[in-house]
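See the structures that follow.
Two complexes, one shared chain (chain A), two partners (chain B, chain C).
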Partner chain A sequence: MLDLMDITAGYDRARPVVRGVSLSVAPGEAVGLLGPSGCGKSTLAKVAALLHRPDRGSVVVDGRAAPGWRHRAPRELRTAFGVVFQQPRLAADPRLRLADLIAEPLRAAGRRGEAAERLAELVPRVGLGPELLGRRPHEVSDGQLQRACLARALVLRPRWLICDEMTAMLDASTTAALVAVVEEYRAESGAGLLAVGHDRVLLERWCDRTVRWEALAQHASSRPRAAVR
Partner chain B sequence: MSTAEAPPVLSVQGLSVRFRMRGGRHVAAVTDASFALAPGECLALVGESGCGKSVLASALLGLLPGNARTAGSARLAGTAPDGAPLPSVELLTATEGELARSVRGRRAGLVPQSPAAHLTPVRTVRAQLEETVRELTDVPRHELRSAAEGAAERAAFPADHLDRYPHQLSGGLAQRAATALALVGEAPLLIADEPTTGLDRDLVDRTVDELRRHADDGRALLMITHDLAAAERIADRVAVMYAGRIVELADAADFFGTPGPQHPYARGLLNALPERAFTPIPGQPPELGALPEGCAFAVRCPHATAACDVVPEPVDGVACHHVPVGALATGEAADA
Partner chain C sequence: MADLTWHPARSHGGRDHRSLRVGASAVIMAAVLLAVLLVPPLVPMDAQAVDLAAKLQAPSLAHPFGTDEVGRDLLLRCVYGLRVSLLVGVVAALTATVIGTAVGALAGALGGWADRAVMRVVDLFSSVPHLLLGIFIVAMFRPGVWPVIISVGLTHWLSTARIVRAEVLSLRGRPFVDAAVSGGASRWRVAVRHLLPGVLPRAGLAAVLMVPHAIWHESALSFLGLGLPAHEASLGIMVNSARSSLLAGDWWPTLFPGLFIIVPTLAVAGLAGAWRERLDPRRRSELML
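And now, the complex of A and B:
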């Protein structure tokens, strides 16, 4: 299980953007988290992926409470997560060729030796041609870069996938293609998914269940940062 | 729509954009695009990422990089807010000075694709709005503040966030800030390049409705988007771009309703929607630097034949050798 327990998080302790939120994802389950823009759902996704330390609350991964976040998270917990962000350009080191970008988590985990084999499997799976692997991010389209970012998220064979608005920048066909890649991976690996987004039609089609942010964050709605009009 | 008789604000004829690359290679980003846009009309330009949509917008605003070569013509006319006709400008050959002085912001407003990159990171939204109001309008100095607040309001940007810096905004709010800036100049042509990226559905609806209102006020609106729902909501006509060419140009009602899209690519695009079949079009778009001789969609097309070795000419707005073919409509209608 991936359990988010009573999470309060934000960027200013006096004004948390996530207040007292709890959410669980079972192994193999796909949970869609629906919320309007600016509501704090991306912050919660970062907490879930151990990328942002909450002010309060805990994240329990397969029965083990995360003892730290970011680089303080133990490697075996960090590598249990694959994360795909909304904007591939902001999530890709512009200096890296796509092949190095996809293999970066292997390098970071000291498993560089597996790169060739993993690339050979993942690159066709996400629909990238071998000719793109030598290019840098500025030489490919958003859709192609997001395909590479998805391959990077899958390269360590994570048990948990966090997709934060993965397809918000993408056209309908690329969206359908990337969702199919995620689902194929989940079907064979049994990985759980937390897909964060605002597209109700998409998440309801994609996920086993969808949770609305408003229903999750009773406290957050008392100070409706999301509802600024 | 109602103003179909009016002379077009923008007429694009045979517009092509080529990028010269190292080693004598060329990238054909836009090929032979033609369309006209009347006052009060909204044309949605849709297609997969990397198909050349944004290059077309950059070409119209003279924002292409130095290695780009354009061909064809793109004439901007339109009328001033007081109703007087504006002199026609050929956008592809106009000098940078002319574009900077009289076109960008004043006669053609741009809602950009990446607001985070478009906004000045070291200045607040209010400062940027006030500067834009000061440069583009005659608002007296003491009214700048209220004019900037009014501009923010029109794009649904919350007033209590005006003193924030771009990095303090969510993606949706940054997009609304950029939209507010684009609307300041009251330009007769509005080019919105992916104006709804990163917004939730309610905000997409509000943003495009706002853009639609600006079109209804007599502006021409070219909305470049991959969001087919947003296009369906406000467009009068739809242009589908594939591998740099407009492969279908149709009335929005026909395209999204019956008889539906005619070009196989356009059908595939609609069928990829989660509310429809949710099946991707197989394969990948071709590299714009290595386009095939014939129809660029043929390798992904279930209907391809030997005829597709030749680039199809558009007939009734559809560039496909196999339209109309009954099999096209019947085979895929069941998916919808």
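And now, the complex of A and C:
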């Protein structure tokens, strides 16, 4: 079970973008989080993946409260999450070749030996040609790069997938292909999914249950105070 | 059917100007490096050889740059002086860059209070005129090459630290660092594999831009009598000791060492400027002197 409990988070303590949000994802369940741009759903996704420390609230993963965030979270807890970001260009280190990009989590864990085997399995699965593996991010398209980023998120076989607007930059056929890859992985591994987006049609077809941001957040960003300051 | 051939616009004059500058800089640097590396081992003349009978001779075939007030050949002494200047310039710039990169990367990677504390130390150092600080450091040692290098290196890491810190801060906030953290990378791995490689080109550029500055500092310290021992061939010392003869109308003992300070440093700066324009085409290069 992945439980976000009473999360308040943001980048300025005086003006949190997420206020008192609670959300649960069961193992094997796909939850869609639907909200307009800039409402704070990406911040919530980062909190869920232990990448952003909330001002208040806790994240409980399989009954165990996360003891810290980012580097303060134990490695095996961090790597229980596979995260796919909205913009593949920004989410890929521009100096790494695609093969290194995908295998990077294995290397960080000291499991370099498994890289070749995992690559051989994942690369065709996400629909990348082997000739692309030697290229750097600027030499491939957005769609190809996002496929590589998805492969990177799956390489450590995470129990939870966080897809933050994974398909916002992509065309319809690539979107369908990537969603199919995620669903195939979830079917065989039983991983839970938190998919964040603003495409209602997509999320309602993809997920078991779709939650609207307005229903979750207590008037989270309905009254922006930025203009006052 | 309409004529659809496309004629590219003629390039502006600026570009030719730039390539001319780069070409000239490259030629000058090549000549300087050849002279500095080949003359001392190949030319069996002594740069310290005094010949009072031939003092203050105007440029001639025997002495193309003339002779100084004790009859030493100025061309030879200029080459030896440039050798010292380049050594000091390169080593001091590298020292400053290594210190600056380490401090800036540390501040940027740690963030928070550590960052603020380190950057206030940088501000504190910046508030003291660095030539003054350099004079203070160099005065603690006997005259020689190493005190000058230490003095320039210890006073010139500040701007590099600022550049590197800013770069690390901007890289640290990008999603690919989030992705690395989520993939289980340790702090060290994030710093070494993802942040440092992104910062190194800029640090290298800062190092090259620092070389002319360091050369000018060596000359300034030597001119003030604080750099190298007085008998050594150093461009700053040569300009200083030639001042008295300048008033008597002997222009060559000041002109040639002065040119040897200015022209090679401008050449280094020209090459560094071209590198910066390739690295960051949106920003016009400026000299860091």
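Here is the rule we use: the second predicted complex is superposed on the first by the 220 of 229 C-alpha atoms of A that agree within 3 Å, B and C clash if a C-alpha of one lies under 4 Å from a C-alpha of the other, contacts with A are read in each partner's own complex, and residues count from 1 in each chain.
Throughout what follows, a contact is a pair of C-beta atoms (placed from the backbone, for glycine too) under 8 Å apart; a residue touches a chain by one contact, two chains touch by 3 or more.
Since the structure is predicted, the reported quantities are computational estimates derived from the model, not experimental observations.
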| item | value |
| --- | --- |
| Larger contact residue set on chain A - chain B or chain C | B |
| First (chain B), second (chain C), both or neither touched by A:173 | first |
| Which of chain B and chain C A:215 touches, first, second, both or neither | neither |
| Touching partner for A:129 - first (chain B), second (chain C), both, neither | first |
| Touching partner for A:93 - first (chain B), second (chain C), both, neither | second |
| Which of chain B and chain C A:51 touches, first, second, both or neither | second |
| Contacts of A:1 with chain B and chain C, given as first, second, both or neither | neither |
| Touching partner for A:144 - first (chain B), second (chain C), both, neither | first |
| Touching both chain C and chain B, counted on chain A across the two superposed complexes | 87, 90 |
| In the complex with chain A, residue positions of chain B that touch it | 46-50, 114, 116, 156, 158, 160-161, 170-173, 194, 197-203, 226, 228, 268-270, 272-275, 278-281, 284, 287 |
| Of chain A, residues touching chain C in the complex | 46, 49-51, 70-71, 75, 78-79, 81-83, 85, 87, 90-95, 104-105, 108-109, 149, 152, 156 |
| Chain B-touching residues of chain A, taken from the complex the two chains share | 35-38, 86-87, 89-90, 127, 129, 131, 140-144, 165, 168-177, 179-180, 198-202, 204-206, 228-229 |
| Residues of chain C defined as touching chain A within the complex | 174-176, 178-187, 189, 193-194, 197-198 |
